[in-house]
Amino acid sequence: MNGIPISHILFVSTALFFIGIYGMFTRRNLITMLMAIELMLNSVNINFVVFNKYLWPGKLDGVFFTIFIITIAAAEAAVAIAIIINLYRNHQSIDVEDAVELKH
Amino acid sequence: MWSDYLQLIKAEGLVAIIMFILLFLKLGKKERNTESLLHFINVLLVINFISGFFFNAEGTLFGDMFQTNSLLSLEKNILNLGTLIISLQSFQWLKGHKHILEFYMLLLSTLLGMFFMISSNNLLMFYLGLELSTIPLAALANFDLEKRTSSEAAMKLILSSAFSSGLLLFGISMLYGATGTLNYQELSQQLTGTPLQILSFVMFAAGFGFKFSAVPFHLWTADVYEGSPVAVTSYLSVISKGAILFVFVSVLYRVFQNISVVWYNLLFILSVLTMFIGNLFALRQQNMKRFLAFSSVAQVGFILIGITGQSAAGSASVIYFILIYIFSNLGAFGVVSLVSAVTGKETVNDYKGFYKNNRMLSWVLAISLFSLAGIPPTAGFFGKFFLLLAGAGKTSSSGWQLNYILITIAALNMVISLYYYLRIIKAIFMDKNDNPVEKVKSTFSPNLSFIICVAGILVTGFASSAYDYIFSLVK
Amino acid sequence: MNLNLIIIIPLLTSIAVLFCKGLKQVRMISLIGAAIQLILSFVLLYAYWQERAAGNTSTFIFEYNVAWYAPLHINYHIGIDGISMAMILLTSFIVLTGVLVSWKMPARTSGGEMLSKEFFFLLLFLGVGAYGFFISLDLFTLFFFLELAVIPKFLLIGIWGSGKKEYSAMKLALMLMGGSALVFVGLAGLFFNTNTGDGTHTFDILQIAQMHIPVEVQKLFFPFAFIGFGVFGALFPFHTWVPDGHSSAPTAASMFLAGISMKLGGYGCLRVATFLMPDAAHYYSWIIIVVSCIAILYGAFATMMQTDLKYINAYSSVSHCGFVLLGIGILTQTALVGAVMQMVSHGLMTALFFACIGMIYDRTHTRQMSELGGLLKVMPFISTTFVIAGLCSLGLPGFSGFVAEVTVFMGSWEQTDVFYKIATIVACASIVVTAVYILRTIGKAILGPLEKNQYSLLKDAGWHEKWAASLLIIGIVAIGVVPFWLNHLIGPGAETIMSNIKNVTIIK
Amino acid sequence: MNYSEYISLILLLPLAGFVLLGLFGKKLFKQSSGMIGVLVLLISTVLSLYTAYQYFFVNGKLNDVYQTIIPVKYTWLQFASGTSIDMGITLDPIAVMMLVVVTFVSLMVHIFSLGYMKGEKRFSTYYSFLSLFTFSMLGLVVASNIFQIYIFWELVGISSYLLIGFYFDRPSAVAASKKAFIITRFADLCFLIGILILAFEGGTLDFNTLIHRLTDTQSSQYISITTASFLGVSVLTWALTLVFIGGAGKSAMFPLHVWLPDAMEGPTPVSALIHAATMVVAGVYLVARLFPVFSINEASLYIVTWIGAISAILAAIVACTQTDIKRVLAYSTMSQIGYMMFALGVAHLGGESGLGYTASMFHLFTHAFFKSLLFLCAGAVIHLIHSNEMNDMGGLRKYMPVTHITFLVACLAIAGVPPLSGFFSKEEVLLAAFHSNKLIYGIALFTSGLTAFYMFRLYFSIFWNKSKSLDTHAHEGTFSMKLPLIVLSICTLLAGFIPFGNFISSDGKNLELPFLLNFSIAPVLFALTGIVVAMRMYKKENNLPHRVAASLGGLYKAAYRKFYIDEIYLFITKKIIFNLIGRPAAWIDKNIVDGTMNGIAYGTGKVSHWIKGIQSGKVQGYALYFFSGIIVLAILVIYFWK
């Protein structure tokens, strides 16, 4: 049933991960950065599932982990967006470059 | 059956119960006298702290995802104490605040998360605890809703923590891929030290490094500390840092023992970097909170040296130091928060001639700073001494004696750090100031917290029993 | 005789001061406390003689040893031999006189208020550190007390000092802490290379002295310990805290600095570095000698060029403390005795000097030699005291300085190697230079015509100042005229150290 | 009566006097302190005379060789190596002789000062210092231990310092005292090193043991010290030369003499005591004390001889040109001590060859009397005139007859006119020189001529020459001032007839001093010519001196400027020591050593300023550091681990 070799899937997940990181580094918009982080988390999810399915099919802890990650990601996103909204209230902008008062 | 079940998660249970009580209060009628409410909460926290000494059992739960023993309950109780002190100190600040209950609920939920993290016996449980202790903190950082810096700080915290947890998770996933288990014991047997495992370990450690702000993962620290309310800052700098360090120590010693050579080198680099960068940044800070932030970064460098000791003495000295560190750092933060709550002054220059009108506060601040600097007879001296001693005790595998090089660097860094602590002392006692901070009148709860802190600083060092107790637990 | 008293009483005094009201009470309490300390130290001396007379031949007596941090093998272990006894006497003298000279609290803070309570508290607290340091027989305890004595100095100088006090205070604190950091590394290295037989380590000086530390280890850690303590003892080129620190400090603090805390260094070099690492001491001996000779001459020449009285005395302290290190470096018993004698003598002498300078400064409000002159006419007592201090410092027989220096010279001359002789001759040459600057100072400041007319209205010393000066002079003369008692006191202690040094395989 | 019962009183009484007057003099006995001082000295003088009698006539001899007796001895400082510094009292001929001289002259000076220092503000201080000096000098002469000599040597130096600077509000006095102390201190440094060498080689500090070990040719110490050599010179020579430099410093031998003339800033009685009779001869005494050791080392004796001779002639020449009467006397003192020195230098141990030794001591003895007499007379004169300058004086003989006569006696004595004491002692000195070295003899002869000349130049220009008119009730001073003059002049008259050789000789045996009439013609002739010339030039007021001075030209100027030695010293101290050593040292300390420390601090601050860019405030920057940190660490660790 599983014609797809594991390496392909890992390639996808890794690619996803680095795309996420790239987005994190380059995007100015806070929401987009958040999305980039979600990409990273999803690549992690794929990893877990794949490892569980291909390498250690005996137990399900990888899958469980995935579920938890998804949940927590949601929560994280919620809080993050709340904060971003508040930031917008104060700064009238959600460009990360505008919130650099604290430095050095 | 039920009884010992409850007994095992007693600490977590108590915190949860307190949260629920607060929740009900919230649901109840609106108008309430804030002061009495705060006192009530403090009483609850005192009860929580005291009960932390009793009915501590050993065992595991949830298919050994969760474990507890007397050492862990001691660590939890140390955190309880810290939380209590912070809540006492933030009295002045919260008095005028609308959302007291929310504040405490968020605070306690992070505490709960830390407890789970400490008791975790499984990476999943650890991850859950970590997130539970991180995400509410971001909300807390934003607690001064209308302050620009506060929201900026919160944004920085949530983004970088999410990023770091992403990397951490990636590490965990690779670890899982390499070993096929999430349970600590099995993991420790599976580890053989293949490059993949090491890479994943480094990512894993980076996640920790982010939380206890080791260079180069520390950059969020100063900004968040400066931006967020002082109570939250002190909570970040003491409680969450302490918790994650507890976990780090136990994880390293219990899980990654096989690749100890690797993490010895890793910690060597990290601690040297952390000490130097922390000190060098702290040298030129003007804002007290930011200054304390960097000083606490530097402190982590010393703690890491203690961890490299990698022995009973190592972990014992680390726990002991964190206990002392809570007293010292909270003493300093307490004064800062009180002053900033009353007068809104936060820069070093504002503290010039501070001694003129505030004798008591000046001495509290001075003693705490001496303790942070590691000057006898304060407890900080003992803590630092034992940390470095533990670090020196590790005979490194490589030919030339890294451990002595490490403590030499550390000792010299202590001199640098002494400089900026003395800078504050100088400002308080020696510098002239035409309009120094006028008399800051302090109420019962802050005073109580100061008494606790100073007593802790002065007693913990001489009373060797504290250290002996911790040591006996660790062994 | 319970040795703990020598720590407890000063501690209680300093704490009691905190609960006093007003200058009168504070200084009364501290005077009483200091007096008790002096008496106590004499009682201790008497008890010490009794013990010895009773045939107690153990190296250290009045030992008291309890486990402090058992898991780390840290004990609270105290005890005295002759050397510590001498240093305790010195300390008690300085504490009492220090309290006496700061009777009127002349120094005010930059804020302008008196803060007498804090002042005396810190002063007495400093004493606690010194006492503890001199009696502790456990490296940890030793280190604890060593660092205990640093910060009070910082506060004393920074708050009540004069001139560029913040700079000096910071410099002093940082350099001394740097020194103690090195000491720490040395101690740690020593600790982990000890072996009590059952594989555990120890901090106990006596035990370490018994066991033989591997030579390589000694070579590695001796410099740490020696330089570390050397910073306290004004080892060239780490002496630069001395001039600034002394000149900015208030009178009593200067007396403490030069009188006691520079001795901590010498004592540490002796008790820790040389005693516990004899092979390394042999190995590095020549370097120590060269450096200390440089310090002696160079300090003396630098003194010639100074114009501020306190700077003069500070630099001369560098030069005199060179003799201490020289005596330690030479590694003969006589030289060691000489070194300790020099510590005691210099302590008393320089304290007297600073006391005089302080008194003069309080009256004339200047320390510049060019603005002083002919003071002998208006304040005979102070001037005479000043002259006595000066004569002691230029090594005049009848005063303590001569005895100490001669002992060092004789000791170094016991070494047959010609290198030692040349070193000694170089060191000897300093006595001429010393004479030059001392007489120059006396001639300008004390003798000659009255520099300014308003000086003619100045008052001579008050009773407290007279007492302080007289006490110190008594000490100086007691050593200078009848030195044998001090010699007997120190002799055995030096002998034990020598016995350690003698039975090493000399490595060149 | 046994020595040990009272001998230490001779020392301790003056010490007690010092302590008593020094501590309480100001308050308790403002006036009586003088009398106390005199009384104390009187007692110790009597005691020392008694000692002398006991020693020389009763129990000093043992099968007619004078023994060295050590009645008192305490260990003062014990060294681990076994050597020790002892405090003791040695009695041997020269020590006893010096005891007498010191106490006696000191007593005279004490008495004289009663009148001279009357009404001084620091009267009691003065007397306490005098007692201190007497104590230290006595301690010096009876020393039984070479370090004891050093200790009292220093004490003598300091009391001289205190007394020279007695008028401390005169800058010149302060400067002079400083100069005196520092120069002698330099000499003492050499002395100390010499002592250390001797002690090391001899393995002891005790005089007799040391001398015994170093003189018997079998002992290991002798062999080691004579064979061992440093820079090609035998260690013994080094040691003795250094010791001699010490002596030369105190005795104002060329070139360390520059302090002596300036020392005249002190009160005149002090000059009489310290800078004429007692302290300045300490050097001679030191050499005499170590004479057995010196005598086995030709080289050091040679140095002693020549330094002595040069100082003698040089000082005499300078003395001829000075106009300050005390300076003239100072130079004459230096010249006479030169005599004693070279007399020692030409002597050898034992028998006839030891003549020089005896002669030297003899001259020391007589010189003490007439030179202190001269100074006291000068003191009396100055007391009257309130000036030291010759030009302010003249024709004083009718105002102060006693002073006049006594001064004349002293002048004749020092000029060596028979039958005064000076004649005899100088005779022996010349004889000793004649036997050993003709050149020295020549110098000595010429010097004695000069001596006569400048002394009488002094005499005539004070008491004759242009007659100054003083107010009528100008009187000569109190009885207390006259008495010492008379007593001393009597001593000066008679001292020559003491058969000195019976008491003091290089080997303690009896030495019959030869007295050859035909030999003594030459010196007497020289002396008389000197006197006649002086009378011709200075008895009446005339411009002859100026013409002579003009004709001598450069030589006169050089002599007048004391051969520019002071200038040379000034150059060395100011230019070389201060500018080339002192300033650089101070500069280095300020800029380099201290600069390094400050530099470190500054550097740290700079670094912390540079790296502040890391904390850019941009979250993405943080994330970047975070990520790259992980990568780098991973690489490093994996690399390490490999």
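As written, the chain order gives the labels A, B, C and D, with residue 1 at the start of each chain.
As a working rule, a contact is a pair of C-beta atoms (placed from the backbone, for glycine too) under 8 Å apart; a residue touches a chain by one contact, two chains touch by 3 or more.
These figures come from a predicted structure and were not determined experimentally.
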item	value
Remotest chain, subunit C as reference, centres from CA atoms	A
Chain pair showing more contacts of the two, A-B and A-D	A-B
Separation of mean Cα positions, subunit B and subunit A [Å, integer]	27
Interchain centroid distance [CA atoms averaged], subunit A/subunit D, Å	98
Gap in Å, rounded to a whole number, between the CA centres of subunit C and subunit B	42
Centre distance in Å when subunit A and subunit C are each reduced to the mean of their C-alpha atoms	65
Shared-contact residues (touching 2 or more other chains) in subunit C	174
Residues within subunit A bordering two or more other chains	24, 33, 96, 100-103
For subunit D, residues contacting two or more additional chains	601, 612, 615, 617, 619, 623, 627
Chain-chain contacts as defined at top	A-B, A-D, B-C, B-D, C-D
Interface residues, subunit D side, partner subunit B - complex	601, 604-605, 607-609, 611-612, 614-615, 617, 619, 621-623, 625-630, 633-634, 636-638, 640-641
Complex interface listing, subunit D residues touching subunit A	612, 615-620, 623-624, 627
Interfacial residue positions of subunit C with respect to subunit D in the complex	171, 174-175, 237, 239-240, 243, 298, 301-302, 304-306, 315, 332-334, 337, 374, 376-377, 391, 394, 396-398, 402-403, 406-407, 409-411, 413-414, 418, 421, 424-425, 428-429, 431-432, 435-436, 439-440, 443, 446-450, 483-484, 487, 491, 494-495, 498
Contact footprint of subunit A on subunit B as seen in their complex	123-124, 127-128, 131, 135-136, 138-139, 142, 145-149, 151-156, 158-159, 162-163, 165-167, 169-170, 172-174, 176-177, 180-182, 222-223, 226-227
Subunit D-facing residues of subunit B, complex	155-156, 159-160, 163-164, 167, 193, 195, 198-199, 202-203, 206, 210, 216-217, 219-220, 222-223, 259, 261-262, 265-266, 269-270, 277, 280-281, 283-284, 416, 419
